[in-house]
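For reference, the structure discussed in these notes is given below.
Naming follows writing order (A, B and C), and every chain is counted from residue 1.
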Amino acid sequence: MRILSRALSGGLAAAVGLAMAVSMASAGTLDDVRQRGHLICGINTGLVGFAAPDDKGVWKGFDVDVCRAVAAAVFGDANKLRYKNLTGKTRFTALRSAEIDMLSRNTTWTFSRDVDLQLTFVGINYYDGQGFMAPKKLGVKSAGELAGASVCIQTGTTTELNLADFFRANNMKYEPVPIETNAEARTNYLAGRCDVYTTDRSGLAATRAATDNPDDHVVLPEIISKEPLGPLVRHGDDQWADIVRWSLNAMIAAEEMGVTSKNVKEMASKENKNKEVNRLLGVEELQGRERLGLSKDWAVNIIAQVGNYGEVFEKHLGKKTPIGLDRGLNAQWTDGGLIYAPPFR
Amino acid sequence: MSLPATASPTYPPGQHPDLPPPPGSAGVVGWLRANLFSSVFNTALTFVSVWLIYEFVTAAIDWFVLEAVWEAGSRVDCRKQGDGACWAVIATRVDQFVYGFYPADQRWRPVLTFVLLFPALAPVLFDRTPYRSQLLWFSLAYPALGAWLIHGGLGLPVVDTDAYGGFLLTMILGVTGIVASLPLGILLALGRQSQLLVVRVLCVTFIEVVRGVPLITLLFIASTMLNYFLPPGTNFDLLIRVLIMVTLFAAAYLAEAVRGGLQAISRGQYEAADSLGLSYWKKTWLITLPQALKIAIPGMVNVFIGLYKDSTLVVIIGLLDPLGVARAVLADAKWNGLSNETYLFIALFFFMSCFAMSRYSLWLEGRLSVGDR
Amino acid sequence: MSYRLPGVVQPTDRPGPPPGPAFSLGSLWYDEAVRGVAIQILVLLGVFATVAWMIANVVANFAILDKTFGFEFLWLPANYDINQTLIEYTNRDTHLRAAAVGLINTGLVAFLGIIVATVLGFLVGIFRLSENWLVSRLAYCYVEFTRNTPVLLLILLWHGIFINTLPHPRQAMTIGGATFLTNRGFYVPKPVFESGFEWVTLALAAAIVGAILVHRHVRRVREATGRQLPGGWISAALIVGLPGLTYAAVGASLSFDVPELQGFNFEGGLYLTPELVALTWALAFYTSGFIAENVRAGILAVDKGQIEASQALGLPRRRVLRLVILPQSLRVIVPPLTSQYLDLTKNSSLAIAIGYVDLVGTLGGITLNQTGREIECMMLVMLVYLAISLGISMFMNWYNRRVRLVER
């Protein structure tokens, strides 16, 4: 009966006509993407500042723009792109089974994910860390004073483990309240179900910004974990990994060199003093570019259509947005941050 | 009327005009007395109920209507205008709640599919539909037609399954789930009644296993492990995987509803069919199944309502059903924090559609019990 | 219905295979028994082939991904904390113990939910048939609302209502200064059993046995003579009095651990998390609507003559309900009740939406995420739910048979 049921349901689903897109994972992701005509990028199901639909239903955000940059590099058009919304549970399965071409979903680069899950992290687009937020009227100044507190956690990742390690190391008791979604965790925190809310500091800033009076809440100074977030691809296709890696690097380098979406067309049309700018923008030949299968103006397309790293940061996370994050660790290395692109040479 | 005419001898027997009812037993007062104040206990109950309704209704009207904000650009904007519900978030995002991320210029397709659902359903649900036999062919073709309209191909631009969301996704899950599970459910029900031991045991095992585990575990299987059970490298759409699981799930429940119908037919029908020398399939197809299905329809409608409500669980594996859209909308920094409004809006939608369906099921039950049985 | 006409020979069985001229392989197909066996063998082969194919695929996929199948991970330290643990648990314990904590939490919420849903469902079902128009209308609205809203939404909504309307621990609502209702949960005094308390327990057990004997005697007297002895009062006096007297005789051996506000939260006492309360209530709320309809149908199924007859005997309304209507309607109510209980238990797996850590939250959630053992974890989760479902089915079937015995 089970064979019948399988055959029937499978057959029915096919008969109903929805695309039974049986695709074989092949070595050339770039060829697959080109042939398909669009990039498939895995993103969050909704995370303030990183991925959320706007009023017109277009996905926007810091992570989304990494996908758009890759699409711009490959196709010269940042909109040749489809999104798959993934949860913390489904994201790696989707990437490994070739359901998506790349994953840009605030994913922390860890040893076991890189090695054991056989994924390639191509870089870091945001340096995050787990922190705490508490109401100001609680009078807590540091995380060391949280003994006995109820802590709301957004689950699904390493958050619970970091928290357990922190409280154990400091020999304090606490009550964990693990919650799947940011919206629910926020509701719990604001209703006073928990004393403190813990998640990545970018998430804390976003949640704080969305309260009726952000000044009533403080983000505590302690950072209890390192969360380097970055885009990733499957093991085994170095050409594709290089494309994603250097698309991200192009955005970072462009900021460092002062190339913006406004001036990129002009700078690309003339000889610049800075030789690296020339190589980046295709004014001079960048050795090995053809090997990646990219056009001469690939970086120009990224910067013109998506923007450089700093522009993207300001647009989605920066001071002018409701989230209002400082650059902090995510400033260019020249400004004392950690954002640093290898040279284009 | 054959009242003994003792009251007034001036009327001939049986001709006495109707007297007015005793005061306080008819009209508004009488109704109140009979239904609300018939005893001390009843009166107390009435007052408690009135108080409950008053408290609830005034608070609800305040929040829902009087203090609510209907037009605003963001949550902060809403809070400046009033303390009630911020319906602006629904008003701005209503398209996403209905269609998900279906391209705006193609939205006539799901709308047309939805409109066509009614002529396709009518002959199945109401047996007095005009031109019923012709329309039934249309009903049969509807699943393929609807799938083509929504997905595209053959002349229509293809819309990928990632774009389906909101109530559109709920409808897709519900309708596909029930249509695809119908044949499977019937087969399972027949298999459960089968004389063949192996077939019976397999069917019972399947039905009991599927009914014994929560839908959410089946959805987890669809989202994380189904690929392991297929040849290496096979990869197909998450929505299809979910639809397969939902179909299997619904089939097990449907099988039980159909079994109820099969058991409700009188034994004589089976025996009569046997005595005519009909083969098993002829007997089933011509005699028992049509009767059983008719009896089982209310139960099947209930399975459908359950499936329709349970489709909200797909949010947990990352599909953008109404709850998933709500999650995504709330992730927009402008609207972050308006979960009550979105949940209530979704609850209202589900309530209205499920209520309509359960009314239908009740009406049908009533008809069946007075009709041909 | 089959009527036997006198003088007509009724065929007792189906005619066998038609007598063929000679044996041929093709004729076997028309032999029902042979055909049945053939079909069964084919189906069995098909199922085995499918299962083998799927296992082969899993093996191939695991080889590609360099994964292994096994349950060793259950003995690794879990490294995460759980807020509601009915058994001893720290984050140094194993995944297996974490799963056990989750399973017990699932069991707890299902058990409490079933009790609350049953009480609520019976009440609303009876209200639904109330003579008071307003009450029956209210019950009707309640039933329709609960039945026609997705349970996941109800869980989210009720949880939101609980944590938003109850006060913060520092302004806790209190009942008698010992029980506190806050949005951090409910704190009730916890009984602390001291030495000598075993006598009280023993007395209670004796009282219960006594009450059962009294009940039997009362019934025997009633059946023999029709006299109704005040059995209820005697039993109540036994159950309250005997342990009470023992308690007084042994001396104060029971004290209560009363919750007290310390720092952020209350300390001591018995603590019910708001997730447990909200989940129990939401599940009970949802299920009670269905149970109310079952109850209503069951009561309506009782023959009107029965009620009229008992009224004619002069029984008071409450006795009519308890002695005549309920026992008869239970036979109609119990079978669908079973599936409601099963649904409630399965729906409790939605706990993860509001952060109640149950089996799906531990074994199927954090453990799965950490170890990447999807197949193993989900297999165990499904097996456990299956076992619970079968357990409830078996219990309810047993109860159903007991109720059925009433039929004469």
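Assume a residue touches a chain if its C-beta (ideal position, glycine included) is under 8 Å from a C-beta of that chain, and two chains touch if they have at least 3 such contacts.
Note that the coordinates shown come from a computational prediction; the quantities given were computed from them, not determined experimentally.
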> Is the number of contacting C-beta pairs greater for A-B or for A-C?
Replying inline: A-B
> Among the chains, which has its CA centre at the largest distance from chain B's?
Replying inline: A
>> Nearest whole angstrom, what separates the Cα centre of chain B from the Cα centre of chain C?
In response: 25
>> For chain A versus chain B, what separation do you get between their C-alpha means, in angstrom?
In response: 39
> Counting in whole Å, what is the centre-to-centre distance of chain A and chain C, each centre being its mean C-alpha position?
Replying inline: 43
> What parts of chain B, by residue number, touch at least two of the other chains?
Replying inline: 199, 202, 220, 224-225, 227, 316, 339
> At which residue positions does chain A touch at least two other chains?
Replying inline: 1-2, 4, 89, 93, 180-181, 184, 187
> What parts of chain C, by residue number, touch at least two of the other chains?
Replying inline: 43, 47, 156, 160, 352-353, 374
>> Taking the touch rule as given, give the residues of chain A at its contact with chain C in the complex, in rising order.
In response: 1-4, 6, 88-89, 92-93, 96, 116-118, 147-150, 152, 155-157, 160-161, 163-165, 167-168, 174-181, 184, 187-188, 191-193, 195
>> Residue numbers of chain B touching chain A in their complex, please.
In response: 75-76, 79, 92-93, 95-96, 101, 104, 143-144, 147-148, 151, 153, 158, 160-162, 176, 179-180, 183-184, 187-188, 191, 199, 202-203, 206, 220, 223-225, 227, 233-240, 243-244, 247-248, 251, 316-320, 324, 326-334, 336-337, 339
> Which residues, counting only chain B, touch chain C once they are in their complex?
Replying inline: 35-36, 38, 42, 45-46, 49-50, 52-53, 195-199, 202, 208-209, 211-217, 220-221, 224-225, 227-232, 266, 268, 271, 274-275, 305, 309-310, 312-313, 315-316, 323, 339-340, 343-344, 346-347, 350-351, 354-355, 358
> Which chain C residues qualify as touching chain B in the complex?
Replying inline: 1-2, 11, 14, 36, 39-41, 43-44, 47, 54, 57-58, 60-62, 64, 130-135, 138, 144-145, 147-154, 156-157, 160, 342, 346-347, 349-350, 352-353, 360, 364, 374-375, 378, 381-382, 385-386, 389-390
> For chain A, which residues count as touching chain B in their complex?
Replying inline: 1-2, 4-5, 8-10, 12-13, 15-25, 44-49, 51-55, 57, 59, 82-87, 89-90, 93-94, 97-99, 180-184, 186-187, 190, 206-207, 209-212, 321-323
